[in-house]
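Just below sit the structures, each encoded as structure tokens.
In the two assemblies presented below, chain A is common to both, partnered first by chain B and then by chain C.
After this line comes the complex of A and B, so read on.
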């Protein structure tokens, strides 16, 4: 990650005060200890739990070797969840990132009303998952906003329970994700683009380049590192973070149509009390996250 | 704006962005008007103003979801987590900003990489940890976990901020005989207040809005649950009263929007810095 590299460089270049800095690292030990205890420790524990047969949160566990993984790779639910996750990511990321970049670029042009627009685009970043889910639960329900609207314009035939129909539930989950993600990422792109020296843009404009060309041929390459970072973050947030929203919107249904890998981990642990299986799926999710991060980094590097 | 600047592409882009803005605004409008309606009115006229203004939706939501208690619980968790986070992050950032040792470099690296660990991956082990410690269904454990979940980003951001404070200040203070703790408290803390307020804002949003861990670690018992967990309890599998449900949603948003109105620019900067620099 570029910013990580940057930070480490900054640290070595800009030395501390002349004189002793001994003992200063001790100041960060309480924070480090806290972080290791509540984050890194549990992460390591996930790998261990995935090798246990553990059928109840308050019950006893016994070693099970790799049998949870055998069960996982032999179960249809796992492949279905994998496919759902792939569809979700495969649509959300390629749609979200370019649109968000365009929104961000548009904001930096400071068009009329851009302050208002910025506030609106920020809104999903302020609202919790449960509030978002409640709004869409109401809007997409059988008696909600969308159906009411369709009836009002005479398209009664198209009304349906959007979240409870097998053919639309996943699309709705993706749309809510995009609703949340595009505006917020757009504002982030705008913040990054604002720190770019605008002379280049002006020069290109004088040469007669269109905004579209300036956006993709100049602004995009300059900020490609940040595009990569944000793509990576959105990838991780979608991959791991979708469980809460889906749990509230559809509980993974109807059937299994909206059960992503992260929701499967939740369901197996808390609905079916199979902690070993759940954490084996957790390990797979973790590996996918890591592989995806490396892949996105490679893709960005290759563009340079 | 000069007319020549209004190229077709730009107009098209503008129309698209505003259309998207509208898509964002419509559900929010729907949320607010529907919170004052009954089910029938919501369905028959989703965009119209309420035929009857049902302000009692708010009192009904308040009572049925026991929101008073939930708000107190959320406030408890958010405030306690803020205090612990600052107590850990300020010294850590000061140390990391000024130390040149290998250990510091390593610790900084752990936090930088730790930022990429998705909290969700640790959900089940963290639950088991809370049971092991005898703190299951306690707000205190949720608080401690939330601190950990925001620690790495907070340390990264504040360390960057403290690095911009000239080291000469510290040197002259040491010549004056101040020890490290006093330097941190009397020099670094006051000078890094903008950075501190940034992480306080960023973390408040994270704490107040957290849902999944609050659900799993504390549960939906009306005495302990946070607002985000209380909210979905108003969904009824057979027949949901949408008016009170959306009224409760509005109530949970009020603290965040008050913050946004008061801190507007600062809050935007905090949110963007959180992702841009992290």
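After this line comes the complex of A and C, so read on.
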């Protein structure tokens, strides 16, 4: 780290007079403008809208102070969504990342057909959310593939509408999320592991280490920075981006069983015409996202 | 960071903030004009060459309403010379319209049902009130008074021109019931449970409904209001409070009793309106609650064995006969602010739909229950026999329960998720009422 700082310092000294830095700043203005308007702007708008009483996107809005937050924190629906989000994240991330890492490590062993396997594993990343939802909606429906298979092997009693049953809907959403994420992340891990010096693994093997031991005691510590990055990305995607899939699969139901915070934002804004409440939930989600990122970063650094 | 950079960043962020705030302020109502002033002065209208229509009805493709729509539109074009830019929209019509309003590119006329989103357009200033226009255009004697009442909001403003109504009875496949030894459609809840036992014993599915969507939600709300008078039901549907209402709880308990007695087909919580229709048409289930719009899909042999009735009621209920729904919130015409500037052309366009031959085509080919006072008997012969039954003999067999849509408003989606929970096995009445009340939270 210190060598990096030194090099940066050395480069800036080489850059010459202050005028050049100003020139560079001018060149970066368009990018800065883009960033401010399209990244910070919406963020500011979210905070601002959360202080409005705004019933419809085409309707009048009026200042509401922090009443949307009072409503949010006094609402059972919010806490139910918070709990569902915690369950979703609490299961998905700890299951997905280790499994994806194992898949990635397995791919680096170049088993027979590994190229085809890479393509197959990466496929979920190439399928749109709507296509994914359609496939799983058909498979998990009352007359779907899963129930058909269960009936075919005489397990009729186990058949159920998997996405519509309160007992199984959230589990199904999580399983579909894992299906999407494990293979995709696994291929990314494999790409990172390819750049690790193979001599390290060979030396460990000569010392009698098993593949399991090499994977977790050598490969994992070496790539822990990348594991952290991917964990953070999957955390953010699950927290913010899974609403689309849930909307298509279960619409958040039955009851509130699959309504996550990100879906709650959509429901309140587009179904219930309560934009202020929706954006108050958005602010809370933003804070959770930020806190989660910091936590993951600290956990990874602690291992480093 | 040097001072110049700090200033630059501060200025950029401040600019974005100001623009955002201005943008947000601007995203309020597009106009606060009163509906009367938006009505426009017809005499001051410039020559209109085209009107823009956003429609839930489709005029292209293999749709039952295509011919009727084309008849009305063609008649308008030939009589006025004004062309029609007709945009077909799907279930997202509400979002599509609101996006165009924000862009200042909205259609002149919107053809859609009165639902949670559209019922807010008048208050938001996107559409105009049509109280005066109904009388001025001579439609006060054409449109049923009850239909106009349903389209009137709490401020007394009529939100649009009602056009399509519906009846929403319970369909009984008498052939399947006979196979189970049942000779008459059940009238009471006890009879329904007896029929369920007989049907299941005969290997026939009893009642099918889309437990996972709006169709199941409406049936659940029909149960919930069994013991409530219409005033109480309207209050509970508007404001929530299912758990606090003893009468609502009695109805919900009746629902739980029916569900636990096996009245609904297995896995009903996973069905949708489409799979409900498919199961009934395939004779996999003997009973379903479905609106008049589903009659076009019933093959003649299914229509022949179907008897329309209502949802049986228990003793002590607020109704003495089985209940069904009817309403006139099906489809109607909204005039937008832009449309108000072309009122003469818009008037001719809307009136072209209220011509007797157009209404007749809607009845005969789309199985529409019109919101008009026309005599439709001559067109009923060409329609599904079920529609004829729905507007004649069935009327004496049932009492009409309160149609919840206009009261539930924007809580509809959350309430549908709550009722989806209710169809699942083992969910208690207390859990159901709590989930329903959460929809208003």
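Note that the second predicted complex is superposed on the first by the 270 of 304 C-alpha atoms of A that agree within 3 Å, B and C clash if a C-alpha of one lies under 4 Å from a C-alpha of the other, contacts with A are read in each partner's own complex, and residues count from 1 in each chain.
The rule is simple: a residue touches a chain if its C-beta (ideal position, glycine included) is under 8 Å from a C-beta of that chain, and two chains touch if they have at least 3 such contacts.
Please read these numbers as outputs of a predicted model, since none were measured by experiment.
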**Study point:** First, second, both or neither for A:59, with chain B first and chain C second
**Key:** second
**Study point:** Partner chain(s) touched by A:49 [first = chain B, second = chain C, both, neither]
**Key:** both
Check your understanding: Touching A:193 in the superposition: chain B (first), chain C (second), both, neither?
Key -> neither
Check your understanding: Does the superposition put A:270 against chain B (first), chain C (second), both, or neither?
Key -> both
Check your understanding: So, does A:40 touch the first partner chain B, the second partner chain C, both, or neither?
Key -> both
Practice item. Tell me which partner A:125 touches in the superposition: chain B (first), chain C (second), both or neither. Key: first
Review point. When the two structures are overlaid on chain A, which partner does A:254 contact: first (chain B), second (chain C), both, or neither?
Key: second
Check your understanding: Looking at chain A, does chain C or chain B touch more of its residues?
Key -> B
Check your understanding: So, A:72: does it touch chain B (first), chain C (second), both, or neither?
Key -> neither
**Study point:** Touched partner set for A:161, first chain B, second chain C, both or neither
**Key:** second
Exercise for review: Return the residues of chain A at which the contacts from chain B and from chain C coincide.
Suggested key: 22, 25, 29, 32, 37, 40-42, 45, 49, 57-58, 141, 143, 270
Check your understanding: Taking the complex as given, what residues does chain A use to touch chain B?
Key -> 1, 3-4, 7-8, 10-12, 14-19, 21-32, 34-35, 37-43, 45-46, 49, 57-58, 99, 102-103, 106-107, 109, 111-112, 117-118, 120-131, 133-139, 141, 143-145, 147-149, 152, 179, 182-184, 187-188, 191-192, 210-212, 226, 230, 233, 236-237, 239-241, 243-244, 247-248, 262, 265-266, 269-270, 275, 278-279, 282, 285-286, 289, 293
Point to revise | Of chain B, residues touching chain A in the complex | key: 1, 7, 9-10, 13-14, 16-18, 20-21, 23-28, 30-31, 34, 39, 42-47, 88-89, 91-101, 103-105, 107-114, 116-129, 131, 144-145, 147-149, 151-152, 155-156, 159-160, 163, 167-168, 170-171, 174, 180, 184, 205, 208-212, 216, 228-229, 231-232, 235, 240, 242, 245-246, 248-249, 252-253, 256-257, 260, 268, 271-273, 275-278
Point to revise | Complex contacts: residues of chain A adjacent to chain C | key: 22, 25, 29, 32-33, 36-37, 40-42, 44-45, 48-49, 52, 54-61, 75-77, 80, 141-143, 159-167, 251-257, 259, 267, 270-274
Check your understanding: Where on chain C does chain A make contact in their complex?
Key -> 4-5, 8-9, 12-13, 15-17, 19-21, 23-25, 27-30, 32, 95, 98, 101-102, 116-117, 120-121, 123-126, 211-212, 267, 269-271, 275, 410-414, 416-418, 420-421, 423-424, 427, 435, 438, 441
